[in-house]
Every structure is written in structure tokens, then in C-alpha cells.
Amino acid sequence: MLASLGLVGCSVGTASTGTEPDTSLTVGLLATPGNLDYTTTAGAAIPQALLYNVYEGLVKLDNDGTIMPLLAKSWTVSGDGLVYDFQLNEGVTFSDGSPFTAASVKFSLERVKDNWSANGPAYLDPIAQIEVVSDSQVRITLSKPSNSWLFNMSGPVGTMFTESGIADLATDAVGTGPYTVSSFKTGDSLVLATNADYWGEAPYMSDVTLRYFTDATAQTNALLSGDISLISGISQFQLVDQFKSNADFQVLEGASTGEVTLSMNNAGAAFSDVRVRQAVMYAIDRQAVLDTANSGYGLLIGSMVPPTDLWYDASLADLYPYDPDKAIELLDQAGVSDLSVAFKIPNLPYAVAGAQVVKDQLDKVGITANVTVLEFPAVWLDEVFANHDYDMSLIMHSEPRDATSFAVPSYYAGYDSPEVIAKFAQADAADAATHVELMREATRTMTEEAAANWLYLQPAISLADADLLGVPKNTPSLALDLSTIAR
Amino acid sequence: MTAVDPRGPAATGPRRRPVTAGRNGGATLWAGLVLVGLVVLAAVVSVWWTPFDPEGVFPDSILQPPGTAYLLGTDSFGRDVFSSILRGAQIALLVGTVAVGIAAGLGVPFGIVAGMNPGRLDQFMMRGNDISLAFPALLLAIIFGAIFGAGTITAMVALGIGTAPAFALIARSGTMQIMSREYVLAARAAGKSGLFIGVRHILPNISGMLIVQASVSFGIAVLAEAALSYLGLGTPPPTPSWGRMLQEAQGYLFVEPLLILWPGIAIAILVLGFNLLGDGLRDRFDPRMQVKR
Amino acid sequence: MTPPTLSVRDLRVGSPFAELLHGISFDVAAGERVGLIGESGSGKSLTATSVMGLLPETLTATGTVRLNGVDANLLTAPERSLNQLRGNTLAMVFQEPMTALNPLMRVGAQVAEIMTVHHTEPGRRQAWERAVTLLAQVKLSNPRAAAQAFPHQLSGGQRQRVMLAMAMANNPQLLLCDEPTTALDVTVQAEVLKLLANLVADRSTALLLITHDIAVVAEVCQRVLVMYQGNIVEDGPVARVLTAPQHAHTQKLIAASDLSAVDARGRLHTRSRPVIVTPITPAVDSAQRTIEADATAAPILPHRAAHQHLERGGPPVIFNAVAGAPAIRVRALSRQYRRRGGGGLFAPAPVVHGLRDVSFDVAEGQRLGIVGESGSGKSTLMRILCALDRPSSGTVDVLGQPIGTASERQLRDFRSQVQIVFQDPMGSLDPRMKVRDIVAEPLHNVNRAEVRARVEAQLSAVGLDADVMGRHPHQFSGGQRQRISIARALISRPRILVADEAVSALDVSVRAQVLNLLADLVDEYQLTLVFVSHDLGVIRHLCDTVAVISDGRIVEGGPTADVLDHPLHPYTRQLVGAMPSMHQLARRVSN
Amino acid sequence: MVLVVLRRIGLFAATVVVASIVTFLMLSILPGNAARIALGVQATEADVAAQTKAMGLDRPAVVRYLDWFGHVLVGDFGTSTVSRRAIGPEITDALGITVILVLTSVVLALLFAVPFGILSAVRQRKPDGAILSGISQIGVAVPGFLAGMLLVTVFAVTLRWLPAGGWVDPGDDLGGFLQHLILPAIALGSVQGAVLSRYVRSSVLEVTREDFIRTARAKGLGVGRALFRHGLRNAAVPVMTVLGLQIASLLVGAVVIERVFSLPGLGSLLLDKVALRDLPAVQGIVLVLVVFVLLLNFLVDLAFTVIDPRLRSAS
């Protein structure tokens, strides 16, 4: 055994020995994709690996959240905001060799309504008509103006497919992106290789292995031992500090779109009274939650809007200062005593940790939270999300710009405010400035009415070898854009 | 899960008994009793008293090092580790007791009935036992966790059912031995019912090996609970469980390495205690080790 | 004078808690055959294992053990030199042939090993060949096949022959045998002893033969040492010791061994004071009284069986046919077992240890002895009579009730009428129960106070004080336990008592006491007795009628004296021949 | 003889069928809707219903069982509802990893346990024997994943000698395969070794008290030689029982080590598939595990008949 240790001892890790630039990269990720088809499979794992890397849309979000051209070279919008004319890049081919043309756009987008069942096919509802003007020009007409539509086009639903490449989406991804999938082992790894015929600039990293971990400690151990070079989106922040003091590594703190939310069933008996919900707002010391459950990492936001959105309102974080006495007072006003609530949380580390703090603090204002840990996603989705059989939960909402969907009355939060719904609808159709204004107003109302207690914004922290450049810091979209990374 | 033989060392049959140093297992037995007693004491004391509340959250005292204020330091929630260890003894003993109780409660009657009815019934029952042996405790825990939700009760039940076949095997082989004893024939000749013979003659006479098996299974159950906690199938917070403390401490290995040590030591003490107890009892119950007079 | 082969001086063996051998000294001359006799716990096996240097680690020995031609004291000699002696100069045969051989190794290899270890044969091949020769010398019928066999394929007697072949392989100066035939059937025992005697005589090997059985010593040895509580109490020529024992213990031992010698009251000689059998207190419940009243009203006429030789293949014969209503009536009884696994390699496959077409009667008040060897079917018969096993075919009526097919519910009354006493005093009492509960077991629906009274009365009837009721079996000696067994069997006032080798496991002195007790109680209770044994002496003493059973059939039967004095069947003759009486022994050795 | 073999195979088959029914029934009451998990939080009830139908989950249980088991019998485990790939290869890949890991760890455990156990038995009454058995006692009492975590911390993170986890196929890169195998195999093997050494010790002690060892001593064999020539084969019988059971329970039991080292083994696959309610896959995995254990028991029995001639003549 000792002999074999000596034998293998020196060849581990990614340290390059020759003068050749090392263009292979191993990334450690947590959520493993079940398959390669995000048109029918939910979850962020597949878009994280494939979007912008294997699949591309007409537009993309850059790391700061700005909509940028991708397969569309440029576009114009009519004055009424209804007609979008896209000028497409030419000479683009899919990895199976078929050309990308305006017809591909029409095919891909029209496919969404009937064939997509996951990742928000409804986002494309505003589309009224798609016209192929020429091979490189496409005109999309909306039924009503929508500010969110183009943003959504930067996500999975905007993906361009070729008719010859959709036979087996679950196992065979055919896109126009800089990489192709060279191997995929469920639960273990997904290997990307550069697409030799890529229409754009070839990425620096020629071979990228995405390795999937189930355990955050195993993930950081792999980075420490040199098995991997990059962790995108660490989930347990107590693991971060050791890297800060280590010169071999860099720690990148960025913004995410993950609002960790203490949700209350607005439609249920316990929390139908706004004063009770507000009591919960005052009862929770969000800084303490952040400090204990999240090792102090994260940002107190107080609403469902991250700072990367233009309508972010920093003052909402202070709307409900920690004030247990006020909470007790509100409960008295509402005539509630001995409140006992079913606190059903998913079995995810941040939720389990956060719930303990929440429970402890609710205790202090006389609310008994009976914590049940539900298996996520299977049981939590059924019980809390679909059947609304809960009083309180704790979950991170990671989709970008998800405040709108939170306000839908049939959503699991049961928050029903006609005023907010109306404002969101108006905002989507309004001009840019009014859009921002209305969005800000609506989301402020949500916080005022305590639709939920948005505890904090999960930070997007990436850990990487010190020599790695261009690591995306923020996660404005679901995608992990590998094209900028170099060494 | 440390895949300890689900049947424990007693499984290899009543004739296969290890001998430990010390006459009649005296020293071993006492060492085991002392270690287990220590844990029981911790569990009992913690019912009324712990230095601090082991279930609260104390943002002001996060990750304190061991010292005079906090004997073993505090964890990431500011909880006193010593208090958690004390209270955790309750869960450890509870899991062990209930798991072993279920295993013995199911397995022993099953094994005795099979052993008392050689032939078709025995064959049939043993085949059933083979099938349940093929569903190890951890597999059951995973499936039960999915069906009933993870938690202490699920874990205990899964461990109990998973260990029951081992008890059945031991009880059966013991019963078959006792059934050939003449006092069982005498009881039958005296017109005693099967139930009477099972309860009054067989059970007391196989209790030695069952107790040995129980003490070994107890240790295994404690280890298994720790493993399940690691997989997120164990006792949910805030109830302190050693297994979960271990799992939580993992993230702080480089920040506060001692955190992983304390629950590790606690588990080792309890498991070691029960294993020693099992060895000691085995030697005591081994008729061939008894001094003939 | 040549020095003795073995010389033991002041040998003391002790555990950390007590001294077990108190400084014994003796010699064994070259070629001499010495018997070492004593009851269990007297220290005879310790003596042998001390000589071999194979004492358990917890025991320590002091004194000197010298072997002719070896300089060192064996007790202090280094392990290495002992290893060279053991199996070469010094060999030993153990009691239990079933476990003394390695079950996973071929017999031939195990015999050959002793020669390769001591390099007495140049190579493996030669050692194997010689092993085959040795197996032939110990009279195994097909030595080459036997060498290829695994131990479990041999019978007990065959295995003991293998052990002898192994022990004699290197022509040792001294052979130690620890109860070499105790585990064997009587007929086999005689053959093995004869073989042993011949082997040591041929090689002029000195023999130290340990046994509890005087007959064995008389058969083989020239000199006998008698041990008692860790001391040698008597040492002399066999003839002298048998005919004129000097030490009180030896006298008692020999007296008790002789089942043909009885005192004026027809009782066997025992070592301790005679047991006073207290009269039975009148039974309490009325049902019991009726039975007794009946019994006294109609005194049972002693039924005398005809002396029959039941030939195989002849017409079905009913042994001991009784006119009217016998206590037990068995007709065409057969019992087969489906036994997994094959039989021995040479023995006629003992696949079916059953009964074949057995028919007999037992009259009320009769004392029937059933004699046979292990596997003859006698235990099966006994179990069927007690409804602990069911016949494959045929009928069994006990006290007028057919029990072959009866349900447990129907047997309820039967259970109190027929009781059983087993062989093993250790195994027949539940170690976890108190004596009170053990004895009370056959009582049903009786209140606590009465149970107590009846248990107390029954215990005193078997000669035990009432204060034993709260104790557990392990606190009693073998003889006392057998008394407890008898008390349990009699507490329900049965009319039939079945005893299975009830005294075989007891030391001779205790055996006599228990036999006396049994005889007294059978009289007292007017019991019908079925006594199963391999020991003709016991049968002769206790039973008026005997049936000899072999291979599942009754081959001969009749009045005990007739059958044993004038055996008709060859098997019976063999049995009788293998079991000489004390008088015959004494006569034989003095010649 | 043929009949006996046929009977045993028949019995084995019947056991497998019963086990498959148990598996199916147990998993059919799993809460959570596979269709909803596949579609996620944005799906409508109509989507979920359509998906349920598409997955065939709306059929009666008996039909689903027969359909499933019928296909399993011809080697078709069906298609995963999640990965949409054939389940068979997924299981074989994962099983291969677990089996390699378990067998390696068992070999390591034996390499440690046999000499260690024998030594501590032979030197039972000496201080070094007590120390040896004390070490194995403590080894048994340490949770396996703790051992794994500490190994990673020392050898991967601190010393950087070996990778902290992951798996490389031996066909792809033998050196890498071995590197990735060492730590998990040691982590799994160390605890097993401690357990096994206690069994070895106790069964060696047991054997030393057998009469035939005394016979061997009486032949002039020294303690060591008697034990070696006559004791070990006999002592191997109970140890083999334990070994068989250990391997059986390790197939799932290795999941903890698989998690610590991020190995895509069978236990890990099971946990993932259970989380995703990929029922066909879960059923397949559980069935494979159960059959594997049954098969293992069968093989252990067979091994006994090879070792022990007494059992050979029984058939």
C-alpha cells in the first residue's frame, strides 16, 4: 500500500508541468442534472450546464444582468413595443452540422407552447406571430407590450434548436454553443468539449468537466486537494473562510437571484391576518439568521428583488426592524394567542439551519413553530407547493425576476392582492421608466403587506484556483457561462 | 453506514463465542458497564439539567472555543456543545433501545416459532427471513425515509426491522438447541402448551445469547443512526443527535476541528461500551467458561 | 530392575482458587497396563493431561513427571522438547471420538501427519501408505477407503479405531487413554477394548487407561489405581483390588458397581446411608382417590411373558401378548424418518432410525425393560409411548386410549397418566427454573397452596428436603437432579412411568441409590414401568420382563432372567457377552 | 443431485419473485409525484396529469408490476423517468463501482483482520494481545464516515497525495483509477477490518478449544502449527458467514463512503433516484441489491460445501 502511495503521490491535481497552456478545467457543482432536456425537466442544473455553453438563444444576459446579442446580431423594437426585428448572425451551424437560420428561430419558439412542460413555457405567451423575413432576419410580433419578454428570451425558453437535433433531447444535446457534450454520467460528471465549428470566438478552456457533488464539504475538499479548480455557487458558507486566508485560491463574491424566503400561507387560517404576518416580520432578527445559519454571508433585502434588478429598493430591508415587543403587540391586536403553526421546511442545509433560528425567535414572541423537515423536492413540492398544506416554510426562490409569479393568488404563498397583480401587469406593458417605477411600488406593497418574510439574498460565492481568470462572479441567469474563463 | 454484520458476532451460532481477557469476562463486562453507565448517566442528568439550553439559538456565542464558560465550546448556533452531548445521549439511547426493542420484538417470537416447528413451517418462515435479510437496515431506512419522511422514528423503525432477521436467526438456532433438551420433552409430557414451553422454557434459556446480540445490535444501531444523520435521514434539528452533530461539524473541520471530536468520542464511548458489554456477557453466558464445581 | 516408563511424583495441580490434585505419585512399568479409576471429578483426567503437558492454561502443575529415557521433568520441560515427545514417545487417545478428529481433513492425512511431524516416515507418500497399514491394523474393513474418508463418514467406533491407529503410529513407550470407550455402544466397546489390549501388548507399550468403569479395567489392565477427590487411595493388582478392596471408597465403588449383589431387603449396595422412603401422604383430590381405590380393589396379577425369539421375516409375532386390557398395546408400529444426508461409509446406512412393525403389550404393573444400542429405535419407541412422537403406521393404545393420532387436547388426561424420566440429569431440568416450578409442571388447574403441599410431599418422597424448592438445578448433584426428575414424573400420580436410560449418566454409587429409589417408588405407586437402557445389569435388577430391540425390531423378549441367562438371538448373546458381571470379572482376572 | 440443484434454483427463483413483489409494493406507496418533480414548480395541474399518463403512472398497480417484472425477467429494467435512458446500464455502471469498492475494501480488511485477529487470539492472555484487541474494539466503535472524512483531510486536503474523491474508470486510466480507489477503500476497509478481526479472533479462540486441536497437540504439533494446520480452515467457516453478510450489507452500506468521496456507486444512485422519485430506477436498483444479497448468500452456502465435507455429502 505504501508503495502505491508513493507511486501515485505526485501526479494528482491540475498543476501543469509543461509550457503548454492548460486548457482543461474541472468545475465542482452541487445539483446534478437528471438528463439533458430542460424543455421537459425542471431544475436549474441542466440550464446551468448547457445554456450558453451548448445551447444558445437570440440574446444572453451578461454577468451584470444586461441583455446582450448572441445569435441575434442586433434587433429593433417598434415604437409600440410590439414588433421585434432580429438580424441573425450568419454562418452559424448546429453541432450536427445543420445551419441556423430564421427558420430555426420560428421552429424553436413555436415548439415551446406545445412541447415544453418545464422552465416556463408561459414566458413566451406574449408572442403573437413569428415571421421568417429572410434566412437571417426574423420578425416577432407580440400581442401586447412586455418588458419581461426579451429578458425571458435570454433564459432557457429562448434556446434555439434544429429540427434534426430534437429526437433525443434527454441524452443528446444539439446546439449552436461553443461546447458540445462529450460524455454524461448521471450523478457524477458531465464533460464538455469545444465545438470545432463554433461560429464565434473559441473559448479558452477546451475541455471542461463538470463534476457533481452531493456534499458541500466533499466539494471544497476536492478544491483543496486539487481535484477541481472551480466551485461555482458554494452552498455552505462556513466552508468559505478557509479559502480567504489561502493564497492558492480566490474567493469571488457576487450577487445571485436567490431570495431565501420565510413563506407564510397567506390563504391559511394562521396567517390570513396581515398583522400576524407583520408580527412574524418583527419577530425575526434577520441579521441573526444570516449570522448563525449562513455564517454571515448574504445580503438583507427585505423584498423579493435583488440589487441586480433596477427596481431594487434598499430601504425595504429596514422596513421591519427586529422588534419582538412590536410583534407581541401586533399579535395581541390580532387577537391571536398561543399561535401554533406547521413549519414545513425542505431538507436543504440552509433551510434546516435557518429554521432553527426562526423557530427559536418565534418562540420568544409566543408563536410555536412545529418544524417538519420534508424531503426536497419530492414531498415538499407535493405537500407545500402543490397542496398548500402548510402554514410556514423556508425556501430559496432562485429564478430571476420571480416576484411577479409570487403574487399570483394560486401560487403556494396564497397571496392575493388585486392591486399588486394589476401593477405588475401594467408594469410589463409600460415604458422602461414607468416599468421600473411600477415594479418598485408593487414589490414594496408586497413587503408592506408581509406577503412573506424575505430573510436574505443568498450570495453567489465562487471559489477558484488563484490563477483562474474571468470566472463569472454573479449569477444573473441560470447559466454558468464558461466562455470567459481562462488561466 | 459502517456495514457491521447485522447479526452481530453472536450470529455465528451459540457455539461460536469469543473469549476476552479476564476471567468470565469480568473486566470486560465492568468496562462495558462503566462506559454505558456513563452515557446513561448523561442522558438521565440531561432530562433535568444541562449547563445551557442545547436547543436554542444564541447568535452572541457562536463557535466559542472550549474553556471555562463553555466546557467543550459552542457550535455555529452558539449552543454549548457539552449540553448537546449530554442531551444527545438521550437520542442515542432512545434509538438504540427502540431499534433493538423492535428487532427483538419481531425477530425473537418469529425465530422461536420457527425453531419450535421444524419442517414446512420453519422452512417457509426461514425463506421469508432470507428475503428480509436481503433488505438491509440502511436500504430500509432510505426507502422508509422517502415513504414516511426522515426522522428519528423512521430511522429507529427501519433499523429495528432491518435487524430483526438477525434476532430471528439467533432465536431460531437457540430454540432448536433447547427443543432437543429433555426438559422440553418433559414439559410436553407434562401436557404443557407450546406457548408455555416457548415462554417459560425456551425464552429464558436463549436469553443469554439474545442479550449478547442485543448489546451488539445496540452499538450497531448507534453507529447506523450516525450514518443516517450524515445522509440527512436521521434525527432532525434542533433535537441534538450525536450523528447530526458530527455531520454539522464536518463543515467546520478547518475552522473548529474540535467540534467533530466530541460527538465522535461520545459515539465511540457508547458503541465501545456496548461491545464490551456484549463480550463480557457472552463470556458470562458461555457455559463452557463457567468454573465447574 | 529397569526404570519405570512413567514415574509421577508428588503431582499437584491447582487453579488460582483451589488445589485439584493433592500430590499424587505412581509408576507405570514398561509394557504394564495400568487402570486409573475414579468417579467424575476425582482428578483422573487431570492426571493424564498433566503427563501430556496439555493442561488448560488456567491450571498449573507442580511435582515431577519423568519418562524413561528423557532427562527432563516433563512439567518444566520446554514446549519444544515436549512437542518431540508427544505423539512419538507418548501418545494419547481421548474420550470423545466425534470431536477429536479434524472434521475438514481426510482421516488418512490425519494419521499420516503424526508420522510426518516426527519424521518417522521419509515422505508424505510413505506416511500415507503406512497410515493405510495402520488403519488395517486397527481392523477397519476397507482401510484404503477409510483413509480417503472424512471423519463424519465414520461411526464412533471407527473413529476411535482411527484415534488408536494414530496413537500407535510411532510405537510410543506410553499410551494414555482417557475413557476411550465410554461414548461407544457396549458391543463396540468390547471390540475396541480388545483391540486396544492387543495393540499395546504387541508393541509392549505401557498403558495408562482412565475410566470410571471397573469392568473396563478388569478387561484390559493388570494393575489399577483408584482415585478419590484428587488423591490415589488404592493401588494394586486388578484381581486383588476387585476381590479384596482395602480402602473404604474402593469397597463402596465396587459394591455399587455390582448390580447383582443385593442386601437382605433386595436393595443395591450404596455408598451413603440408605435413602429413607417416606410413605406417601394420601392424595388430596377425589379423582386420584378413585384411581387408587380401584388399584387396591383389583390387585394386578403378575403377568409372565413367554420367552420368545422373534425372527426377522417370520410371521408377525406379538411379544408379551396380554389377554384383556393391557396398560400398553402396540400393534404393527412403524416409524420412519426422512433423514437428510447419507449414512456412514461402511456402516449399514443409518438413514432410518425407526421402528419396523413392532407389536407388544405391557400388562398393568409389569416392569418392562427395553434393551438396545444407540440407533436401535428404543428412544423412538419410548417417545411414541409418551405421545412425544407419532407413529408412521400402526396403533398405540395406552390405558385404553389410542394415542397415535390423538390431538393434544385429547391427550390431556393421558399426559397425567404417563410420565417420563430422562437420561441426562443436566439436560432434563430447565436450568432457569426453580425446583418448585419444575416439579409442579405436570400439575394443571391446581391452586398455589396445594401445588406447594404436593411438591413438598413429592420431594420428600424422593428423599429431598422441602427447602430445595427455591433452588435452581445447577445447585444439585447428578443424583439429586435425577431425584427431582423422578419427583416431577410422579407428582401427577401417573399409572405408567417411562424411564429413558435414567441412571446411565450417573456415577456408580449414585446409580445404585437412584435405582433403589425407583424400585421402591414403582412398588409404592403400583406403577407400570417401561425402562429403556443399554445396561443389562440395570435391566436385570429392575425389570421382570425384557425386550431386546435391534435395528427397529424386537428380536427377543421374555422374563429377564430367562433372556439374560439363556439368550437365543445372536445379538442378545453378543450383548450379554459384552457385559460380564462382577463375579465373572473377578473370576476372570484372578485366573 | 440434479433434482437437488433444480430445487434450490427453483427456491431461489421463488425468493426473487417474492422479493420483487415486496420491492414493488414497498415502493408503490412512496409519496411524492414523479410527474410533478419532473416538471418543477412552474407546471400546471394539467401538465402534471399529462405527464403522469405519459409515465404510465395512471395504470393499476398489478398491471404496472407485471409490466415491470416481465421486462426485468428479460433483462429490461425499463427507462428512467428522469434521465430517459435505459436503467439497466445505469445500474450496471453504478454496481460496478460499488462492487469494486466493496471487494477492494474487503480484501484490505482481510489483509488486516486475519493476521491481526489470529495474533490477538493467540496472544490472548498477553498484554500485546489485549492491546491488539483493544485497537480493533475502538476501530469498530468509530463511524465509518468519520474515518473517511479524516482520511480525506489528511491525505487529500493537507498532504495532497491523493484525490479527495471522484471516480475514474480503470479502462480509461488505470493509474487514476487506483488513486481514486485507495482512500475510499481504506476508509471502508478499516472499519470492516476492525469488525472482521474481532470475528477472526473469536473464531480462532473458539477453534483452539476444540478437541481436535488438542489431538493435534497430542500428536506433537506446537500450538502455532496445530492452529495453522488444523485450526484455520475450521475458523474460516464462521468468518466466511460474516464476510458474506458484510459484503451484502456493504452494497448499500457503502453509500456513506460513496457520499464522502463523491463516488457514483449504487447506494448513491439509489439515494438520487429516490429523491427524484424515479420509480422504475428505484425498483430496479432495489431489486438488483436484493437479488445480489440473495445470490451472495447462495454463494456463501456453496463455499461452505467446498470447505466443509460434512455439508458436501448432504446433497
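In order of appearance the chains are A, B, C and D, and numbering begins at 1 in each one.
The rule we apply is simple: contacts are C-beta pairs under 8 Å (C-beta built on N, C-alpha and C of every residue); 3 or more make two chains touch, one makes a residue touch a chain.
Since the structure is predicted, the reported quantities are computational estimates derived from the model, not experimental observations.
A.B. asks: How many steps does it take, at the fewest, to get from subunit A to subunit C if each step moves to a chain that touches the one before?
C.D. replies: The distance in steps between these two chains is 2.
A.B. asks: Count the C-beta contact pairs for A-D and for A-B, then tell me which is higher.
C.D. replies: Comparing A-D with A-B, the pair joined by more C-beta contacts is A-D.
A.B. asks: Averaged over CA atoms, how far is the centre of subunit A from the centre of subunit D? Could you give it in whole Å?
C.D. replies: The mean C-alpha positions of subunit A and subunit D differ by 38 Å.
A.B. asks: Give, as an integer number of Å, the spacing between the C-alpha centres of subunit B and subunit A.
C.D. replies: That pair's centroid distance is 44 Å.
A.B. asks: Find the geometric centre of each of subunit B and subunit D from their Cα atoms only, then give the gap between the two centres in Å, rounded to an integer.
C.D. replies: 21
A.B. asks: Taking each chain's centre as the mean of its CA atoms, how far is subunit C from subunit D in angstrom?
C.D. replies: Going by mean C-alpha positions, subunit C sits 50 Å from subunit D.
A.B. asks: What residues in subunit B touch two or more of the other chains?
C.D. replies: Within subunit B, the residues that touch at least two other chains are 146, 250, 253.
A.B. asks: If a residue has to touch 2 or more other chains to count, which residues of subunit C qualify?
C.D. replies: none
A.B. asks: Mind pulling the subunit D residues that touch 2 or more other chains?
C.D. replies: If we look for residues of subunit D contacting two or more partner chains, we find 30-32, 125, 149, 153, 259, 271, 275, 277.
A.B. asks: Show me, using the given definition of touch, all chain pairs that touch one another.
C.D. replies: All touching pairs, sorted by chain label, are A-B, A-D, B-C, B-D, C-D.
A.B. asks: Would you mind writing out the residues of subunit A in touch with subunit B in their complex?
C.D. replies: Per the touch definition, subunit A meets subunit B at residues 216-217, 236, 238-239, 241-242, 285, 288, 291-292, 295, 347, 352-353, 355-357, 359-361, 371-375, 378-379.
A.B. asks: Within their complex, state which residues of subunit B touch subunit A.
C.D. replies: 55-57, 59, 62, 76-78, 145-146, 149-151, 232, 236-238, 250-255
A.B. asks: State the interface residues of subunit A toward subunit D in the complex, per the touch definition above.
C.D. replies: 1, 4-5, 7-9, 11-13, 32, 34-35, 37, 40-43, 117-120, 122, 168, 170-171, 185-189, 211-215, 217-219, 221-222, 224-227, 375-379, 381-382, 385-386, 405
A.B. asks: Spell out the part of subunit D that touches subunit C in their complex, as residue ranges.
C.D. replies: Touch list, subunit D to subunit C: 125, 210-212, 214-223, 229-230, 233-234, 307-310, 313-314.
A.B. asks: For subunit D, which residues count as touching subunit A in their complex?
C.D. replies: Listed in rising order, the residues are 30-33, 36-43, 47-48, 50-51, 80, 82-85, 90, 93-94, 108, 149, 152-153, 156-157, 160-167, 175, 178-179, 182, 186, 259-262, 264, 268-269, 271-272, 275-278.
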